[in-house]
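Next come two complexes, and both contain chain A; in the first it sits with chain B, in the second with chain C.
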Partner chain A sequence: MGIKDRLKTGIQKNLNQRYIKRLLGIMSVKPVLYAYGKTFPSASDRYLNIFTIESLKKAYSGSNRPVGYGSLFVPFEMFYALGITPFLPEVMAGFTAGLGLAPQTLKEASSNWYSQDLCTFHRSASGAVELDLFPRPDYIITSNLACDAAQKSFYMHSLKYDIEKNFYLIDVPYRYSEESLRYLTSQIKNICTDICSKTGKKLDISMFEEAIKLSNELRKLAIEVGSLRKTLVNYPPSFNGLNFIMPFHGLAGTKEAVILYKEIYKDLKKYLDKQHKEGPDRNKPAKRILWLHLKPYYRNEIFDILYRENCRVVFEEINHVYWPELDYKKPFESLAKKMLSNFLAGSIDNRIDITLKAARDYKADGTILFSHWGCRQSNGGARIIKDSLKKLNIPTLVLDGDCVDQSNSSQGQVKTRLQGFIEILNS
Partner chain B sequence: MYTCGIDVGSVSTEVVILDNKDNKIVSYVIALTGSDSKNAAKAAFESSLIKAGLKDSEIKSIVATGYGRINIPFADKNITEISCHARGAVSSFPDLKTVIDIGGQDSKVIKLEGGNPIDFLMNDKCAAGTGRFLEVMAKALEIDLEEFTPIFNKTSDKVDITSTCTVFAESEIVSLIGHGIDKNKIIKGLIYSIADRITTMVERVGLEEPVCMTGGVAKNLGVVRALEEKLEVRLNIPDEPQITGALGAAYLAQSLL
Partner chain C sequence: MTQDIRNTENPDKIKNKVNDIEYFFSSTLSPVNKKGAIGWFCTYMPEELIIAGGFIPVRIFGRKKIIKSESYFPINFCPYIKSGWESLLAAADNFRALIFTNSCDGMRRFFDITSKYLDRMPSYLLDVPHLKNNEAIDFFAGNTGDMKMFIEKLNGKKIDDKDIENAIRLTNKKRRLLKEYSRIFNKLSHLIDISTYYKVMELSMISDPEIFMDNLERYLDFIGNIDKTSTGNGVSLQSDHMNSPAIMIIGNFIAEEKLWEMLSKMNLKLASEDLCTSNRYFEKQVVTDDNKNLLKSIAERYLNKPQCMRMANLSSKLAEIENNIVKNKIKGVIFITLKFCDNMLYSFPLLKQRLNDMGIPVLYLDIEYNNFSEGQVKTRVQAFLEML
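Now for the complex of A and B:
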């Protein structure tokens, strides 16, 4: 049994926070972490997993207080600037699926009256909170950006931990305007000031400046990675752009994110150079797939099938850099701009625009929209996105499934739909 | 030279042997899949050879389709039922634009352009809108499934069945019978509930004529009539709609030669 399977079995057998904490303690000892890192074939995967372990260890250790829960689209730069150790329950819900724990966390959520209709990222995270598997938060910061479930379920977490007064909901206006920018800027500034008054620390603008400079570095590198991918076909076999959602958001504002994206760039550049040297396979050019929304995080065959059938996911919408370069001299306004620029905020037209642009830029032959159960913000737009892509003669597969709950879709049906779509692309 | 298509469905397995000279069906077999799809496919293939008077060495290529397609070791290739149904339907009606297939546990709508599939939609994970739904209801009503069409034709009124879930619909029927509702009206209501579900799928993909209906349920003329009424189109039905997937697979096997 390999190290990953041993980890999985260990957590499955000892589903409690003490065990997770102890495991993370062992895992983050340098030689162990190094050995674990070596199990990943590429440097970017290695760094991604090492940084994830280190960040989880900090959140679980108890000695890096305060710990703050953050939903995916809040600007994590503010966490680092405020000295809050971030913890991302939605990302952790993906881990529960990967570790085979989702059946237990989902069951626990159901027992606690969380609706079966609720997105399983939030349901599984809520189950984990109920089971006391996550570190206790001191602060919770969420937003109404894109996701309706986050603001409600994160509020429930604040009740569970009796920190209702430390629950902050960032209200992101529907439209981008000077007024909405001012409104959002003042909210972010007020949250930061309020947290500082509670922690007794002075608001240190230099920390914000540093986090924003690092965030800009990440942004620049993510754009460069995207540029490489416009012509790249021969990806490292283990590469999956959908794995980088955590660092793209949760590590924004850290040195780790910059190191990781440099490694991603290097990994892909190596393959692009190889591709240039060998020339593209003219006999059987790969089909280029644009991926919308997320993927199942439990063991599944989707990406193996795509690879086997000579299809390459050339870009994922979650990796789109949607915000402008941030002005470190105006940290609160910059973070507000970042949130307001999110293509999932406001009208569906914003998402359509970036989808069509990505389809053109990455020369997509087809698009797959993974329609995650309960995710209204994504599924609601499926039809109009499909129709818009059709005007560019790009077929779209709306693949119904669930990112976290394996029992919510049949692998056989997913496979048939996927293969049927590939046959259409090849016809 | 001959090719063969095998469609291993959840309820039945169909095999078609095609003569490449004139694209004539030399033999076909429809058998129950049962619990062992691999052996069911092998047995059906052997029966089709006997029926055709051929040896297996005379079959130059085999394509498997259907949910059990990956489990047929003697097939040269497996292709999804989407491509196979489309190809099989086009062989009967060359100008087709839409194919509606209702099988045992699966229903799908395929949109075609120039004879090739360009889009499709399949039923979600439940059995509503499939042949299995009708089978379960026939059992609950203690009426042979073959009786459904004559009952549909002679009954003017229907009772709306509100449950889409097969299990809940079965309870609903039991409850309706308990309330003394005429079984014939229930049957008509059941047929319309399938037609409603399929109509929604067709509308999502976009209806374009000519339209063909395939799969075992296409033999149920009550469902065909209800669908024609809902969609306001005439449905083309192949002579043996249940073998369309296997026939398409046999045609697609020709491209492997």
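Now for the complex of A and C:
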């Protein structure tokens, strides 16, 4: 049994916060951490896993207070500038799937009256909160960006931990306008000021400047990585762009994110250089897939099937850099602009614009929209997205499934539908 | 006519008359629509501005069976939205325009679908904040100003302050009358069927407000007299129903006629409610002030009315519910949600916990729309009432 399987089995058998802390304590000892890192075939995967463990260790340690829960699309630059150790429950829900813990967390959520019709990212996270698996937060910052779920489930967490007064909802307007920008900027500034008044620290603008400069570096590197991928076909083994959602958001504003994206760039550049040297496979060029939404985080066959069938996921919408370069001299306004620029805010046209652009830029032969159970905001737009891509003669597969709950996704059906779609691409 | 009924001592006859909607609301029910209708969906949409623009605000109830709509939305999607879309696909010509709100993820996507596939229909989405502090009120007032411009463009008529003032007066009066109706209904719940009550509520949202209010005043006059009579010598108008435990219904867009008819036939005393189809619509007046901008007054009312579960602060929502439970001596709560309503589903664990703390039992029902499975729901409600 390899180290990863041992970890998985250990945590499944000892599902409690104390064990998680102990495990993270052992894992984050440098030699162990690097030995663990070496089990990953590429440098980017290695750094991704090392930084993730270090980030979790900080949140769980108890000595890096305050800890703040953040939902995926809040600007984490503000956490780092305020000295808050971030913790991302939605990302952790993905881990519950990967570690095989979701059956227990989802069961716990159900027994606490969370309906099975709700998104499993939020249900699993809520179950984990009920089971006391997550570190206790001091602050919770969430937004209505993308979907209704985070603001509700995070609010419940604030009540569970009795920190309702430290719960902040960033209310992101539907449209991007001067008024919206003012409204949002003011909210972000007020939240930061309020947290400072509670922590007794002075609002340190230089910390915001630093976080925003680092965030801009990440942005620049992510764009460069995206550029490489426009022609790249063969990727490092086990590379999956859908794994980088945590650093792309949760580490924005840190040196770690910059290091990681430099590694991703180097890894992919190496493969692109090799590809250029060997020349394209003209006999059987790979089919290029644009991926929308997320993926199942438990063990599944989707990407193996695609690889075997000579299909490559050339880009994922979640890796799209949607925001402009941030002005570190106007930190609050910049972060507000970042949020308002999110293509999942407002009209579906925002998402369609970036989808069509990505389809053209990455020369997509087909698109797969993973239809995660309970994700109304994404699935509700599937028909329009499909019809819009059809106008470019790009077929779309709306693949029903569940990112977290394996029992809510039929592997056989997924396989059949994927194969049917691949036949269309090859016809 | 009123006198005849008051002198009649047959409670059945009185009950039949009280529930004769077609008689009392004959003008409202006549299909006359000269001003043009603007369709709307959510109680956060300020009707005042539609009226001020010279249009009739008509809430879309989506009574159509879902057939074509299935190909536009996923399976696990709000059945009201699907049904609303089905209605629009069948009869969009009934509307001059549509106004949506960003109430929830579903509504945002509904607006997108309408904008794409009914692209000749003028449609607008009003951005409603989730917060209700002063900044949110100012922001919302600005958004209603934008909505006003959308309405002005429809018929090229500028909406001035006088138009808005008149519309506020009219809408406030409708709210007052509906509140009075709700009060009498709670008192005479043995006479007024639940289905009648909600039918009147529905009419208030889909009809010319002046014609409706005229009918409602006449109706209130009639039932108000019965109320006085029964207060005087009410023994003959009482029933076992009066001794049944007081129930509160909490839900979202619950407009299921078969459900109301079913509940009307049961020994259920509906003493309080928290629904998009009743109190969230009529509670709280727009208070104007000479020094205040009218749009701001409207924004204040809408953000501070009994809130939908979509709003940020669920604790204040729970406080509203708790007050109603105490005030109306509620013994049990029926929580009814349309399937796949995330805002409702997320609020339930919290509500359940609070109700447990208060010692109030709750029945959880999630239902489809226009596809009501009466047998199953009836059994569960009966068991719940027996338990109480």
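Just so we're on the same page, the second predicted complex is superposed on the first by the 427 of 427 C-alpha atoms of A that agree within 3 Å, B and C clash if a C-alpha of one lies under 4 Å from a C-alpha of the other, contacts with A are read in each partner's own complex, and residues count from 1 in each chain.
What we mean here is this: a contact is a pair of C-beta atoms (placed from the backbone, for glycine too) under 8 Å apart; a residue touches a chain by one contact, two chains touch by 3 or more.
Quick caveat, the model's predicted, so the values are computed rather than measured.
**Student:** Is chain A touched at more residues by chain B or by chain C?
**Tutor:** C
**Student:** Mind working out whether A:374 is in touch with chain B, chain C, both or neither, as first, second, both or neither?
**Tutor:** It touches chain C, and chain B stays clear.
**Student:** If we overlay the two complexes on their shared chain A, which of chain B and chain C does A:424 touch? Say first, second, both or neither.
**Tutor:** In the superposition, A:424 contacts chain B only.
**Student:** In the overlay, answer first, second, both or neither for which of chain B and chain C A:175 touches.
**Tutor:** second
**Student:** Can A:17 be said to touch chain B (first), chain C (second), both, or neither?
**Tutor:** Neither chain B nor chain C is touched by A:17.
**Student:** Based on the superposed arrangement, let me know which partner A:409 touches: chain B (first), chain C (second), both, or neither?
**Tutor:** In the superposition, A:409 contacts chain B only.
**Student:** Which of the two partners, first being chain B and second being chain C, lies in contact with A:350: first, second, both, or neither?
**Tutor:** A:350: touches no partner chain.
**Student:** Would you mind listing the overlap between the chain B footprint and the chain C footprint on chain A?
**Tutor:** Touching chain B and chain C on chain A: no residues.
**Student:** With touch defined as at the start, can you tell me which chain A residues reach chain B in the complex?
**Tutor:** 395, 400, 409-410, 412-413, 416-417, 419-420, 423-424, 427
**Student:** Within their complex, state which residues of chain C touch chain A.
**Tutor:** Result: residues 71-74, 76-78, 102, 104-106, 108-113, 115-116, 125, 127, 129-131, 135-136, 139, 142-143, 309-310, 312, 314-315, 339-340, 342-343, 345-350, 352, 364, 366 of chain C touch chain A.
**Student:** Tell me, which parts of chain A touch chain C in their complex?
**Tutor:** Residues 112-115, 117-119, 122, 144, 147-149, 151-153, 155-156, 159, 164, 169, 171, 173-175, 179-180, 183, 186-187, 346-349, 371, 373-374, 376-377, 379-384, 387.
**Student:** Which of the residues in chain B come into contact with chain A in the complex?
**Tutor:** Counting only chain B, the residues touching chain A are 67, 79-83, 116-120, 122, 124-125.
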